[in-house]
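For reference, the structures are reproduced in the following blocks.
Next come two complexes, and both contain subunit A; in the first it sits with subunit B, in the second with subunit C.
And then the complex of A and B:
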């Protein structure tokens, strides 16, 4: 497998909304290569006949009934949650403009 | 424009009618105070555990069965990553490579079927409002359960796209999985649009149109976009692959992002939610709950002698169809039940701004009123007075139609011995109409009938009056 290129690191950083200097990108490329190498040790395992699965657990169908929250719930709701935002107005979170300027 | 064949595919998001959200127990409610229906789960706080709402999953299955899809015994949730202020987690929990339903189709009602690709469960995002210099975010809608229905690009005109949505809406409302109210955003639609030279040519470059939020808008947005693409192609240029936003105020689509800026969603399996296995018994139980389809009902109504138009109006909404059928069953007269349902009943519900199921005149009562007309006790004008009287009665025990007939004094006069003197009196007072009729102006008869009805305060039996008049007027 090819070693990760700094340009690819830039794309990944962009997707994760991280701002990376060229130097940092080069350093991370090296680190990432070592991480990938470590995962490549899995390639040595013989998986012939093993069905692929996206999960490591055997749990299935963990669901809950369609019952609304009750007053006894101790989770914060509504205004408590809104108060976690840095700025608010008109009962809404105030954020920088999304559409152009 | 005639040189190009439009190719349209629709992706429809439908909010499911549950009490709570998809992954938490916040209320699934519309129109409440901004940011009042939120908790750490739907607001995407770190360390929380989303747990799927069983009813939301089942309503999705029911919708899929109503659309003839193959419900999958095994499916899973995935994370779809993108950044937007109304998606606080930075990813949407959706389904990627193993959706819970495949195939199926939408019946356009004229013999044509438009195939579906798939249906999957996913959570809704919050709502952003864009103001000058800033945006506002309301997270109430975050986590509301949705199904996304992906249609194949087999539609070839804006009118067909409209028919597709109309049929889809009827089907989902009959299956009682969603209100499908576009105005309230419980049904939303994105369209993929391209043009090609002939029907066997390869597909042209497609443009995705977002923000199409009413049935009227769908046709307008598609008309605009098809004309825009045709003009580009006619000039010899090529259409750019991009996502465009429909701007209803300006009546145009405008570029939102190009192919180069296309999203890389980095899907991966949602590690917090174990996969979903649907047992055959679970699927069959939902199949039982899929009501008779609107297409089958429409067919049955036409077989009972109703016109295609009447059958279409009566099947527009399941409550209308149910009201009509209950009335029909109770009075055994499909035509009368259809006429009343389509006129007085729908008008009464419209004027009062209530659902047809909430009207004070229940189908059984309406059937009794129709029965009184059939038996000759009242005529149509009297029946309408009885209907309106019961409709506006106060709460409490209701008068029966027969009691209302007495209270209103609208019992029909059918006895020829009582009617003949009145007919003679009117003929004496309207010599001109009598002369006109005898000269061959048959329309003069209506004027005479009108006077007789007036004299009897609308209570005369029109058929008996007609007989007496014809007898007395014949030379």
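And then the complex of A and C:
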């Protein structure tokens, strides 16, 4: 039931915005099946009542006094960041039409 | 001119004026010229900038703790104005708009950035064969892999091209290549070093650390890059200070290895000899139990791929990197990402997406996080009885290039002994402890409790003062 089928791999690929040829999807589905089989070895461990650890360290809320300060200016702003994109126009990123051509 | 090999000796010689930063840079560039055609550690050497940097240092009055020390940078750490690719086509042509805190701190301490090192694409691999821009060869035998994903960084240090390199370690990517290349590599405690400016792979696992010829040089570099950074909320407030505690009375734990690890006989032999050496230096060796260690690798790959699939969603061909022209946005995303990512990256994105998807989340991702808790508790219990835990860094020494690239699962198992430290957030260092029957380096891993970086490096330094493995160099250099 919880083995990924090639069709399911195609759906995942679509959601991740990746194109997979049928042959590649079949090959990756086969690899993922082996990998997931191996992941299922974790089923043997009793984790009832065990808290999950999304982080290894205990995260503390970090606060500082709310005092006025000047922004650090050694970081790039506006145009510097925009310039990292392949195409810009004025102060915006340029992208292909969102609602079809 | 013959340059001192260690970072400490280099900076001392530079600070006293015995040798100038420019002479050091010229020496390093000559070594790279002589060796890197064969090794392929660097994606790019920025020679003119390094020379200019050295001249500026000579003119300045500042003598930082790494004055004149040349260093190489894994290509997932940003330096403003430099290209950065993560060894992926999707970032080809991108230039960093700002610098990683760790890189900036090295520069501020007087170190000189030399170039960008090869790696597995986005850190996805243990052999540096998954780079979009070519392989890197092991300086001890150029038919062998250097390990990965920081394979370029480790090979650059092992071949004597640079005394220091920055790597990153998500599941062993500093320690495993350090072991396979016969150098010293430290994964600090999670949060010790700011991740600001690192292109993320697994955000709860990633940590930046030094690769150098000795634990002493790693400690010197860590003392510069460690410490709180307001730009990384997960960076810890605790300061780092080096320790000179020796091995006398140090409680050294040896854990039984998971059955699936079964290191090669010559690796087991070298590690046993290293433990005997530690014992002869005054360490009290005793057994420890890490009952969930064998499950770390499965839990790790679930957590790491889940985080990676999320982190890699930012590569959309709009804000940075490469773009494949298309007539609509959806096609633009698909064409850009399909052309930009290599197969291992695609496999991990799909696997992570699967583990996080509705209906499978509890069975895979959440289960892995619960196992992570058990692994962390194992270490907490073990470190109540011992100061450090020692064992092999890897089950195998460097294998032949091309041997495992078609079998992702077998390659993933190389990370069996290194992933527990990432899941638990604890520091771990790999140091050379001899050679296997083929003459390839063997790594000894020392793991310590969270924030125990200094004690770990002191133990490694004591071992290295009594042994010469870390001083041995491949014929290629």
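Brief remarks follow.
Here is the rule we use: the second predicted complex is superposed on the first by the 78 of 101 C-alpha atoms of A that agree within 3 Å, B and C clash if a C-alpha of one lies under 4 Å from a C-alpha of the other, contacts with A are read in each partner's own complex, and residues count from 1 in each chain.
The rule is short, and it goes like this: a contact is a pair of C-beta atoms (placed from the backbone, for glycine too) under 8 Å apart; a residue touches a chain by one contact, two chains touch by 3 or more.
Here the structure is a predicted model, which means the values were calculated and not measured.
Legend: residue contacts after superposition of the two complexes on their common chain; A:17 is shown touching both subunit B and subunit C.
In the superposition on chain A, contact is made by A:93 with both subunit B and subunit C. When the shared chain is aligned, subunit B and subunit C each come close enough to touch A:62.
Once the two complexes are overlaid on the shared chain, A:78 sits against subunit B while remaining clear of subunit C. Greater residue coverage of subunit A by touch, when subunit B is weighed against subunit C, goes to C. By the document's definition of touching, both partners, subunit B and subunit C, reach A:54.
In the superposition on chain A, the residues of subunit A contacted by subunit B and by subunit C overlap at 15, 17, 54-55, 57, 59, 62, 75-76, 81, 84, 93, 95-99, 101. Against subunit B, in their complex, subunit A makes its touches with residues 15, 17, 54-55, 57, 59-69, 73, 75-79, 81-82, 84, 89-99, 101. Touching subunit A in their complex are the following residues of subunit C: 80, 93-95, 97-98, 190-191, 204-205, 233-234, 236, 292, 295, 298-299, 301-302, 309, 313, 316-323, 325-335, 337-338, 341, 343, 346-347, 349-351, 353-354, 357, 359-360, 363-364, 366-374, 376, 408-409, 422-426, 450.
Against subunit A, in their complex, subunit B makes its touches with residues 18-20, 25-27, 33-40, 43, 45, 51-57, 76, 81, 83-85, 128-130, 133-139, 264, 266, 269, 271, 273-277.
Subunit A contributes residues 2, 4, 8-9, 12-13, 15-20, 24, 28, 31-32, 34-36, 38-39, 41-43, 45, 47, 50-57, 59, 62, 74-76, 80-81, 83-87, 93, 95-101 to its touches with subunit C in the complex.
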